[in-house]
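For reference, the structures are reproduced in the following blocks.
The same subunit A turns up in both complexes below, where it pairs with subunit B and then with subunit C.
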Partner chain A sequence: MAASTGESEYVTLESSDGFQFIVHREAAMLSGTVRNMLSSAGQFTESTEGVIHFRDIKAVILEKVCKYWYYKARHLNSVTEIPHFEIEPEYALETLMAADFLDT
Partner chain B sequence: MASLQGRRPVRGKIRPPQRKTNTESQFDKTWSTLANAIITIHEQKAYTLSYEEVYRCGYNLVIHKYGERLYNGVKDLIEEHLESEAEKKIVPVLGLADTSPAEGVQVLKAIQKLWKHHVTCLLMISDILVHMDKNYVPQSRLPRTYDMGLFLFRDTIIRSPKHPIHSHLQMVLLNQITMERRGDVIDRGAIKSCTEMLLEMKENNSVDSIYVSDFEVLFVETSREFYRVESDDLVRQFDPPEYMRKVESRLDEEQLRCSHYLTEKTEPKIRQIVEQEMIAKHLKNVMEMENWGLKQLLVNNRLQDLERMYRLFSRVTNGSKELQEGVSSFLKECGKAINANVRESSIENTEKGVPLGVALALRWVQEVLDLKEKFDIILVSAFAKDKSFETAINSAFESFVNLNPKAPEFMSLFIDNKLKKDFKGKSDDEVDTILNKTTTLFRFLSDRDVFERYYKQHLSNRLLHGKSISDEAERGMITKLKIECGYQFTTKLEGMFTDMRVLTDTMTSFKEFLTNAVEPPPFELNVTVLTSTFWPVPTTPVSCNLPGDFLAATRVFERFYTSRHNGRKLTWHTTMGNVDLRATFNARKHELSVSTMAAVVLLLFNNLPDGEALSYATIEQETGMPPEHLKRTLQSIACGKFKILIKEPKSRDIGDMDTFKFNAAFQEKLSRIKIQTVASKVETAVELKETQEKVEDARKHMAEAAIVRVMKNRKSLDHNNLVAEVISQLQGRFNPAPSLIKKRIEALIEREYLERAPGDRTIYNYMA
Partner chain C sequence: MSRRNRSGNSTTFVNNVRGPTSALTSFLNERGIRRANPAPRPATPPPAVEDESSQGDLEEEEETSTAASSSTPPSRSTRTARLTRGRTLPTPTPTSRTTTTRSESESSSDDDDDDEEEEERLIPIAVTVRSTRSVRTRAAIASTSSSKATASSSKAAASSSKAVASSSKAAGPSKKRRKKDDSDDSEDEEFHDITGYVSRSKFSHKGRMPQGSNRIEFCSRCRARFTIKAGTSPAVDEDDGGLLCPTCAGEESAPNVTPKPKPAKRARRKQQKADIESQVPTLQDLCIQKIASCIEDVEAFGDISEISMDKICKIISRNRSLNTDTVHLFLDTRHTDLSLYDCTDITADGLQNIAKFCPNLRSLKLKFCGRINDTVMNYYAEHLTQLSSLSLIGPILITEAIYIKLFKTVGERLERFELKHSARFSLNALKALCEHCPNLTHLRLGDLNLMNDDWIEPITGLTKLVSLRLRNPERERMTTESLVKLIQTVGSGLVELELKGFVSVEDPVLLEAIRPSCVRLQRLNILGCEEFTTEAVETLFKDWSTNGGLTYLNLENCVMLGDAALEAITAHSGATLEDLNIKGLDELTKESLLTLARCENLGSLDASWCRAMDDEVLEKLVEAAPKLAKVIVWGDHRLTECCPSRKGMKVVGREGDYIDLRFM
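Right after this comes the complex of A and B.
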């Protein structure tokens, strides 16, 4: 799919404070919101440019989110015991809000 | 633990997220971004939008409890858009549909185009409002954005209160379909996408699509009207076979229409209408049509048309029943004609005084068989071996076969004829098929006991006169009858065969006996010993004074037989025997093979001087034969093909005052002459009465036996049940009338086999 539409395997996520995270498209698609952004029939700017600008999420939180996607992707369908995903209490609430926004 | 407790504050506290100020101005700002985005989407410029931004707007509005305003705002926006689009794109083409039905497609296309656009936009809008659909919508029990958009399309476009779109849409669709029914080519694709659109949109309950309420109901109604008119026209224009072909193609057409551009769900409804209007309403009409109605189809064996008729009529309730009735009444008519034919000839013949010929019986059976064969073919290839048709046909046969009182006799004669003549040189298979067919006819008979009586008569003639061609065929027939009616039915018939088998042994030992006998008879004697209960012989033999030689011979045999089988009584039946005579005529000697009775008569002339005549009265006196037998015998030797005696005056019938003399001038090429006794034929009225009496008598016995059997078993039973049970026991043989059974019960009470229960007169008790 990536090859046929000229889409790259990666997408760039940009935090409100200007940090860029380049992650696998597949991992980012674990978020309902990101999935809609990239695959909606509307062909929104995000899907054409491959860059998503999150104006409400700070880099610290976005990093946590990215880590979580990879964590989830690795342990999806895993049969062995899943290790704990560590979230620092001071970011907990903001991460939670970001998760709600991203539908992750 | 302590250390853990100590560590907790060190990890820092959970920081609350920054509170955003949420004021009216905030709402206005966010909403206007969103509203602009929706407009952009409607303009098909979504690629200029940032999803993240628009989504964030929707997200924030919902989070800040503006869900309701957001939802309604979106709704208003979409509605507004639809309304303006309707005005711009649909209303202008509506006029086209009014002017020309063919141009109506433009309306469909315009609506279609708007619909497609609307659906794509809706998908995008619901994509950006995902958060609202997931959170606000379910708690407020509202339709999701996408569904809400469909409802809007339904209410503002399809059922627009401002523009007559609804009526136009329906009109165009129906017009198109009517055009196609009339044979025009239409844009099926346009209609298909239109019906798909209607199917997509639901009623408020989200279950039923508006296709049903906005289109199907109307479609069904107009179709009914169309087919009402059409079927009236077609029935008037075409004969039934053609009409049915048209109906069939209409049915196929409608089915294809449903699968091509309507929906499968409509199919049963429209099919039902076509069936109702085109088949059910014209059922009788089509069947009874003068020109190529059911009757003519049957007469002419139009199997394909019949098959089509069957297929079509079976689709509607009562259709198959009506058709069955039609077929059965046709059959009964045919049967009546066959019966009437026989009756007419019989009236003709009885007027002339000629007994009914065998030919008549044969013709009747053959005609019935032909009819049966014809309907067997029709049943298999036109009515799909439908069981109910089979029963209808069979019961029709049954009814008319039994309408002919001579049916049992005719059938027996038919078999007689086959076994005597027709089977000569035929293979076993051919014989078997003929016998099988006859057995199927036999199944239709209700008076089987009557048949048995005749069959016995005919069989005995065949056996005694050695006229049967194939023993195997005879046995085959008996086996078939056994299968049909059971062991009881054929015991006597089989007994007759056994007698014939034993006969050869008896005769060989008789010959041995003769070589040692003191006074052997002056001629060769062959005796057929019959068990009187098996054979249809009169209980008292026909009287006939045998000449001295004959008498002596019978004595010899009697001596022989009683010596071997003590206690058996022999009765001589002169009616059934044959004698070979050597007669000297002027020209030459001839060997005459005649019946015993004829021989007795002829021997009277033996001692007579030449040219001397004997009067009828003298002959009667000398022979002691009853008049009807004597007359028949005289007829065969004086009025037949070979005139051994000359009768004065010459005529066909024997009168009481006639005189006979020996025909010394008799000439014939053959040296051996066989003088036929009167051949088996349909009975005369007197004989018929006799037979009927005998049958009646036998029925009485059977009924009594059945009553006793039942009562012995039950000991006590009420009248109605007793009658019912007796009837069911006897049905295989004949159909007993309840009155007959009642009389038999009374007779049995009289003879003290039964008694009425004291107290309840409807109950009978069995008396041991």
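Right after this comes the complex of A and C.
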């Protein structure tokens, strides 16, 4: 998709506490919410600039989510056994809420 | 294997094979279990491997084929002629079958037609035993094999394989004990010939055999099951002529490698497991699992969605971690719906807290709530002032008086009521329910020990019913007449009707009650209503123009239903059906199963133990139904590993798969 529309290969995600995560567009697209933001028909800032601000997600959580996207992208069509994706118990609830919001 | 223990003797058998029999062989013979129909014979040239067979084997092989051709008993000659004629038709003989390993399990007939088959296709085949088949089929095999043996002997002579030899060796072993069986068998044959009727135990799959579909065989080396795709030839073991699975065939090419059965099998399993697990779980599910695993340390959930909370509740219920302490996590004054899936460990006080902490509940569902008692129920009745839906599974302590009080208090508010597994819910309680709660739209009563025919009459008064589920009444205590009257009265409003386990009710329920009354019906469940006949179901669905079509239909274990029923169903509701359960309808043949392809909107299908189900049926269905997400096929041994599927579609219970408990 990135190639066809001439968009950049990466998108920037910014957490509520100001950390920026630059991730592959393809990986971020694994989230239904991010996909809608980036590929909506209207000219939203998110889709034109490729930068998304998450005001409710802290950096630790967003990092976890980004890791998960890459984990998923890597193992999506894998034929070998998938390693377990570790989530720290203390972040599990917050990650759940973020994942719920991001439709991941 | 035991094929080597060849010893001469004198008894002649169905297939002219002599030799001692193993215990298994005699068992199989006694039960009339024989090998499947011979596979269609592709005119492929012999694989190169076969030329390597030794001279000694060749001799043996020739010996057998001569024997087979010369010594066919005269009594079977007519059939031989008929079958030979039949074979000239272009229709290929069905192929798929279940096989056993090349062990002592083979019966003499197996060996014989294996010989035959191998000569023709020049591919050695592991001896096969089908689980069910008719004597007739067996006879067919025997006779065709003998006729073929002569016909093809010239071709076979040069290239007959070791496998042939080995099977001829085995042809020797199976005689001593079978003299008596033999006569029985021939009687059976005559009987079948005359009547053409097939009883269950000797059910013929001839009619529902798949054509040109894949076959399942067992590797002669590692014993693993593997599938031979239609029209392809599997690799052949050079030593004993058995078939090789792709894994072992791969090893074959590496010289001097001793086969190690176990690792090969494990590798295959691993591969399969990986195939299934390549679906990456969502982050939400991962988090929920994590939370559930350390539920004891969670202090509060905070602001998570009700869906997530319900998921967590389900998981920790399954882990049996839901107890008086953890239940607090799910209680909140804002909640209007609450479902607790395992209340076993929640004390009466804990259950009472539900009403204290969630006073605004509209819907409450408690599963396995054995500890709930009269005090708690009374408290619910008084404090849950919004309650309109109540579901109790297993409230064994609540007494009749409290039920009556509850219904009086809740009165017209109650719209949904479900009660299962209670021995104390009585006719008086039911009368109170029907009297005080006229607005009931959903009523579900099941596994109540006292439920009998008298219960039907009060329910007749609930005219607003949209969904009625009655399950497992007292055996033989429910009459067809009262049920007909009930459905005629309330049927016009019903969208969902479940009559599960009404083993004694008969056809009039379908014909006089459901057909004329249930015009809005979308979901019908008649699981286990064994008395319903094919004709009745056919008549119900034939030209049932007053009903727009069902979306859900469960016919599980309505064992009498046959082809005509399913065809009528797919003709009537094919376009609307989303969920169909035809589990255990063993009478269905492939012909009617193919009409499933009319169900374009099918999302879920349970076709377990419909033994005629095969790759072709499923393939047609997968093509026709784009929404199909889950197919359950336990016991459908004709489905092979290569049965059609697509991404996101679950095929549960395929014989070739290992058991994955996540699907249970």
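For this structure, a couple of remarks:
By definition in this document, the second predicted complex is superposed on the first by the 98 of 104 C-alpha atoms of A that agree within 3 Å, B and C clash if a C-alpha of one lies under 4 Å from a C-alpha of the other, contacts with A are read in each partner's own complex, and residues count from 1 in each chain.
As a working rule, a residue touches a chain if its C-beta (ideal position, glycine included) is under 8 Å from a C-beta of that chain, and two chains touch if they have at least 3 such contacts.
Worth saying up front: this structure is predicted, and the values here are computed from it rather than measured.
Look at A:Phe54: by the touch rule set out above, it reaches subunit B but stays clear of subunit C.
Within the superposed three-chain model, A:Leu62 lies out of touch with both subunit B and subunit C [touch as defined at top].
In the superposition on chain A, A:Met37 makes contact with subunit B only, not with subunit C. When both complexes are overlaid on chain A, the residue A:Ile87 reaches subunit C alone and has no touch with subunit B. Once the two complexes are laid over each other on the shared chain, residue contacts for A:Glu46 go to subunit B alone; subunit C is not touched. Judged by the touch definition given at the top, the superposed model places A:Val11 against neither subunit B nor subunit C. Of the two partner chains, subunit C is the only one that A:Thr95 touches; subunit B does not reach it. In the superposition on chain A, no contact is made by A:Val23 with either subunit B or subunit C. In the superposition on the C-alpha atoms of chain A, the part of subunit A touched by subunit B in one complex and by subunit C in the other spans residues 89, 92-93, 97. Those residues of subunit A that touch subunit B in the shared complex are 32-33, 36-37, 40-48, 52-56, 88-90, 92-94, 97, 101, 103. For subunit B in complex with subunit A, the residues that touch the partner chain are 11-17, 41, 46-56, 59, 120, 123-124, 127-128, 130-131, 134. Taken together, the subunit C residues at the contact with subunit A in this complex read 270-271, 273-275, 277-278, 280, 282-284, 286-288, 290-291, 293-294, 297-298, 301-305, 308.
Against subunit C, the residues of subunit A that register as touching in their complex are 65, 68, 71-72, 75-82, 85, 87, 89, 92-93, 95-97, 99-100, 102, 104.
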